[in-house]
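The letters A, B, C, D, E and F name the chains in turn, as written, and every chain counts its residues from 1.
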Amino acid sequence: MRSDGRRADETRPVKITANYNKHAEGSVLIEVGDTKVICTATIEERVPPFMKGQGKGWVTAEYSMLPRATSVRNQRESARGKLGGRTMEIQRLIGRALRSVVQLDALGERSVTLDCDVIQADGGTRTTSITGAFVAMAIAIDKLATDKKLSRFPIIDFLGSVSVGVIQEQALLDLNYDEDSKAKVDMNVVMTGSGKFVEVQGTGEESPFSRKELDELLLLAELGIQSMISEQEKVLGVISERIRGAAHAASRV
Amino acid sequence: MRSDGRRADETRPVKITANYNKHAEGSVLIEVGDTKVICTATIEERVPPFMKGQGKGWVTAEYSMLPRATSVRNQRESARGKLGGRTMEIQRLIGRALRSVVQLDALGERSVTLDCDVIQADGGTRTTSITGAFVAMAIAIDKLATDKKLSRFPIIDFLGSVSVGVIQEQALLDLNYDEDSKAKVDMNVVMTGSGKFVEVQGTGEESPFSRKELDELLLLAELGIQSMISEQEKVLGVISERIRGAAHAASRV
Amino acid sequence: MRSDGRRADETRPVKITANYNKHAEGSVLIEVGDTKVICTATIEERVPPFMKGQGKGWVTAEYSMLPRATSVRNQRESARGKLGGRTMEIQRLIGRALRSVVQLDALGERSVTLDCDVIQADGGTRTTSITGAFVAMAIAIDKLATDKKLSRFPIIDFLGSVSVGVIQEQALLDLNYDEDSKAKVDMNVVMTGSGKFVEVQGTGEESPFSRKELDELLLLAELGIQSMISEQEKVLGVISERIRGAAHAASRV
Amino acid sequence: MRSDGRRADETRPVKITANYNKHAEGSVLIEVGDTKVICTATIEERVPPFMKGQGKGWVTAEYSMLPRATSVRNQRESARGKLGGRTMEIQRLIGRALRSVVQLDALGERSVTLDCDVIQADGGTRTTSITGAFVAMAIAIDKLATDKKLSRFPIIDFLGSVSVGVIQEQALLDLNYDEDSKAKVDMNVVMTGSGKFVEVQGTGEESPFSRKELDELLLLAELGIQSMISEQEKVLGVISERIRGAAHAASRV
Amino acid sequence: MRSDGRRADETRPVKITANYNKHAEGSVLIEVGDTKVICTATIEERVPPFMKGQGKGWVTAEYSMLPRATSVRNQRESARGKLGGRTMEIQRLIGRALRSVVQLDALGERSVTLDCDVIQADGGTRTTSITGAFVAMAIAIDKLATDKKLSRFPIIDFLGSVSVGVIQEQALLDLNYDEDSKAKVDMNVVMTGSGKFVEVQGTGEESPFSRKELDELLLLAELGIQSMISEQEKVLGVISERIRGAAHAASRV
Amino acid sequence: MRSDGRRADETRPVKITANYNKHAEGSVLIEVGDTKVICTATIEERVPPFMKGQGKGWVTAEYSMLPRATSVRNQRESARGKLGGRTMEIQRLIGRALRSVVQLDALGERSVTLDCDVIQADGGTRTTSITGAFVAMAIAIDKLATDKKLSRFPIIDFLGSVSVGVIQEQALLDLNYDEDSKAKVDMNVVMTGSGKFVEVQGTGEESPFSRKELDELLLLAELGIQSMISEQEKVLGVISERIRGAAHAASRV
């Protein structure tokens, strides 16, 4: 029995509030337990220099935490004058993960920037950001589709993410902060709606882990991600249909 | 008649949600029309180097906007590697304003850091931040008082702020973004509950203004600030009593 | 009686030496008491990116203090690697103030950069910079006019600035450093030759101030600024005529 | 058949030259095919602030590439003024991996800094750095042991790393640069001498991967890492005995 | 005949105004032709970390140019966020040169910082800075001596500097900006009052130079530096005696 | 007799390994005693902005030391976020020196970047970098010539460099680190194959030096540089002929 009463294979309650921000092309407030992240998607009619002239779009992400997202105040990276390694690692991960389910050529020479701002942290902020950013991105890209700016719908699969870990020999799904700081093994997994892996990042700094533990963690992650994706489907409504349609079309190529 | 139907001397609806964040010692979500700011207050048992050894506390503020707080995405200052002039100017203003109603010696060698993060902007973000930060600060300092860490209550007055401006010869209270961008004269005013001025910052870059216009703007500002302060009193409840008590004690010295 | 023997409504001696620098298009050394600032105006045949293609010019300012302008050596901002908040605030103020009396469309797609370098500080460096920069700007723009590069003279009013403050219930004009550090209320005012306000920045961090005090301070400021502007007129000589002519023409539109 | 004639499960030739640098406490030049990395280990009698007073040591790493390590010259991060996200990610990975086989309390309040400088890159620079840095670290720590500065030998297992990937449905071991740029799936794995996982980082940005592919990649990685570790054992000679002894002692606790 | 009518072995007019700044412990305005530099000396009762606890003092320098010191406006290094290579090179040179004539142990654990700010540039700004900074330093250190804070006078020789160069096969003394930009060979020389070399920095980027040219340049430099030093002696008055006395004492050790 | 048994006028053993790096257009590993530097030359078909449109090329250099090139680990400049003054000074020197023997117009609108990375330091790293960089540059430019991209061979002389210094009244050639730290006078000299000076940088911070000492040092430097240049000729083989041919052609103009 976990400190908050959950079973080992149970995620915390998930709540996704769409269109949380009046300015952004797509936005959500995603809450996974006490972890709360505002994800906004911005569409811009230009791509970064290294993508110019290829007729393809780009998807990228930025991640930040408000100073009191955490129990102890963390100094702003803007005040320090540079991004920390953890931030860079996370925003590279989010961008890479989202790009795996978008056909960049179908997006045209546009970029989608996902801003993931953690307003309250309680473990799993990077995986929650990925799950939320997917929804914000889908809403924004759907507006492009509605405005007839796209030749075909570019998102070809759902994408969710959870963390898993091992505490006292026990594999657990969706660690909160308290559990995360006790875990000897910590793994973040990103998977598609069709059950394929996009990212597997497991770390056993405290204690190397066996193949058997790895297998257990991957199973739990799959379970948790399916549950995240069904929340996405609910909140996306008719947009979910378009994703499934695009997936179907892509699989026939 | 203004675009959103308000009278010239009317503020937008104000909503202050206290204890919005589970980690911070004090916190609010303040909404003034579509402008939304999360204000958190952090208490730390240390003061900056220039205040050390004086037996006094310090109050300071930081201000930031999420990238899509605005209609067009603004680049993160953390990514640019430095704070812009506007940000610095605003956070210096917020800190200075809050310190004007706190007796730093009554705080002890502690610092209160107010983080004002604009999650959606529609004009008046700096004045809204001041009004909200005051409440977050009062909640946090009240916890110190409750924990018997203070010899007397250090907040000796309420503090509210609004913007005022002149559009087509007409003085208006609490400009939204649309009005702000049309205003020839723009003024931010901070006042105490007892009706004294803490900051008056009027700018007529587009068009220098007369003494008569200045007088009209100051009257409107006073009106608006009284209304902000009555919202603060409501949400602070019993803490309001403590502020009034401290004000009374201070006035007798 | 003030420490240097002045009356409450008296400024320090003002001396403006024009053409102090052989390279700049316009330059002055301005001395207000022991405060000494070199102001140079640079004309460049280009505007910043955000102004491009509008057929209008731009006026901007930079402000800095030599390390030993002050009693205690202050570290160079170039060595610290960033501009401080105070510097940014001041240079934004100077640029904004100067733009209020320049018709940017009459300047053509050119920029005027005012560099205000304080070589000795004794209070009022920002207001002295504004008063001096106005003269340097007028000299530089007059050269453009002499060279027949302008369709009409773009400066439509004089512009002066002083600081005022309250010490022991007494409102005083043009504070020196010593007075400034004792003042409970501190206000910087910028006005035009025709007596309109361009900037009013009053701060009562130490002690909020009443409407009556505000009124007294504004009167003193007006007096002081008139005296600054008559110094400008003397040093500008025939250029003063051109400004008056442009003011007259502008008022008829 | 691969472009350089290797089998799918074959690594490139590995050469580890110990004591390559006369100043460092431990050093190697490691060559894996055309990838060449200088790894130096520096022992300092102090720990970073967050580790102070715990009686434990610290192991950390820095990673860099010479500008012409790569086919196209890459700009120095010192000239750009900041570390890129890739560099930060890699050096965090190297440090974390090395710490997993060191008992920090047995190190005493000392730090070991591993500098991994890629002088020529041809794929797998981060995994090669880990394999080489382990040897440099072992040499440096062994000197501490020889000097009787340690109560027990702190390295309790070997540590090696390889990259694996999928090209055209085929899982391959130890990708060179050419293969790496064609791979749809890319995975870096770090394992101990006793066959446990320390890091598993798999990315399918180009194409999500199945559980079956994951399993194949993990098997190849295990094979490759065993071969890296036997090179380490050869070059470490008698120091290998000490590691095995420490491993044995640790397993009995 | 040179453009300004000087002979090849003639310096421009030199004017040194002592005590130019009311705050600094020592200060001059030095003018060599149209090159004008404000040099201030700051005494602080502390030394940099690498000098602590040795009972010795430190002398260091900073160098900067106002934006319009030059014909074309140069961007502030504070705005660019970093010091350029030329600035660093010059300030290292100034500090090193001044230290060569100061007995650091006689200074006590104090530092002298020389700020050299070029307010107008016309060639030779670094050599003019050295000549001027020497005087500012002597005035400041003399105050320490007058205040009985020193066991003996620490400055043991005069120090002057000039530039020399070759234009069209002709060696010239004290190049102005115009000459400097035409010179094929450019040399900065620093010498003591007793005729020894402290720095010789000759560069023939445009055209390598012969031993014979080098010899001619060194002779001219010696001549020019003697003339700079006699200006220093005049302006220093009685302080010159103290330097000569210290030189005499030092030579007997 | 020197600590390593050399005579006063003897350099350490020199070894230049050409084509040390498989990616760079030109490269060497140069070893002078225990000082080891990797020099790579990169050809790019563009010039920096200030050289554009002149039909001429550019040669520039960057210099860095690996953290453990030195006896005590030095912090990376990339981690500190800026280049130090010493690095800037050295890389400016290397670039300037190399340009003195290249006819930039014969290079076409191309740039050659020399990266000098010190992998082990034992004195003379800047002079060794110049000697090695010359060879790397010659190899790279020769490839351009071989590819018929140049109208004539642009390198018109050899270029070598050594350090010299005075220890206990004795002038010594090619100081190692130990000697360098004891030297009262320290001089770096760069000369061409035809015996002309390109750079003379002598510093007597510890002790000003006489004209006689200067003369002795220059003689030793000439001797040492001749020996460096004969090593260059050996390793360059047939490319040496091309340089001699270009020198001959240039001397006839």
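The rule we apply is simple: a contact is a pair of C-beta atoms (placed from the backbone, for glycine too) under 8 Å apart; a residue touches a chain by one contact, two chains touch by 3 or more.
Given the structure is predicted, the values throughout are model-derived calculations rather than measurements.
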| item | value |
| --- | --- |
| Both-way neighbours, i.e. chains that touch chain D and touch chain A | none |
| Maximum centroid distance from chain D, chain identifier (CA atoms) | C |
| Option reproducing the contacts of A-D, where over half of them reappear, out of A-B, B-C or C-E | B-C |
| CA centroid of chain C to CA centroid of chain F, Å | 52 |
| Between chain D and chain F, centroid-to-centroid distance (C-alpha), Å | 35 |
| Distance between the centres, which are taken as Cα means, of chain F and chain B, whole angstrom | 61 |
| Multi-partner residues of chain D (at least 2 other chains) | 81-83 |
| Ring order of chains, beginning at chain B and proceeding to chain C | B, C, E, F, D, A |
| Chain F to chain E touching residues, read off their complex | 82-86, 88-89, 91-92, 96-97, 99-101, 157, 187, 191-192, 194, 196-211, 214, 218 |
| Touch list for chain B against partner chain A, complex | 21-24, 27, 34, 38, 40, 42, 44, 62, 64, 66-71, 73, 76-83, 87, 113, 115, 117, 119-120 |
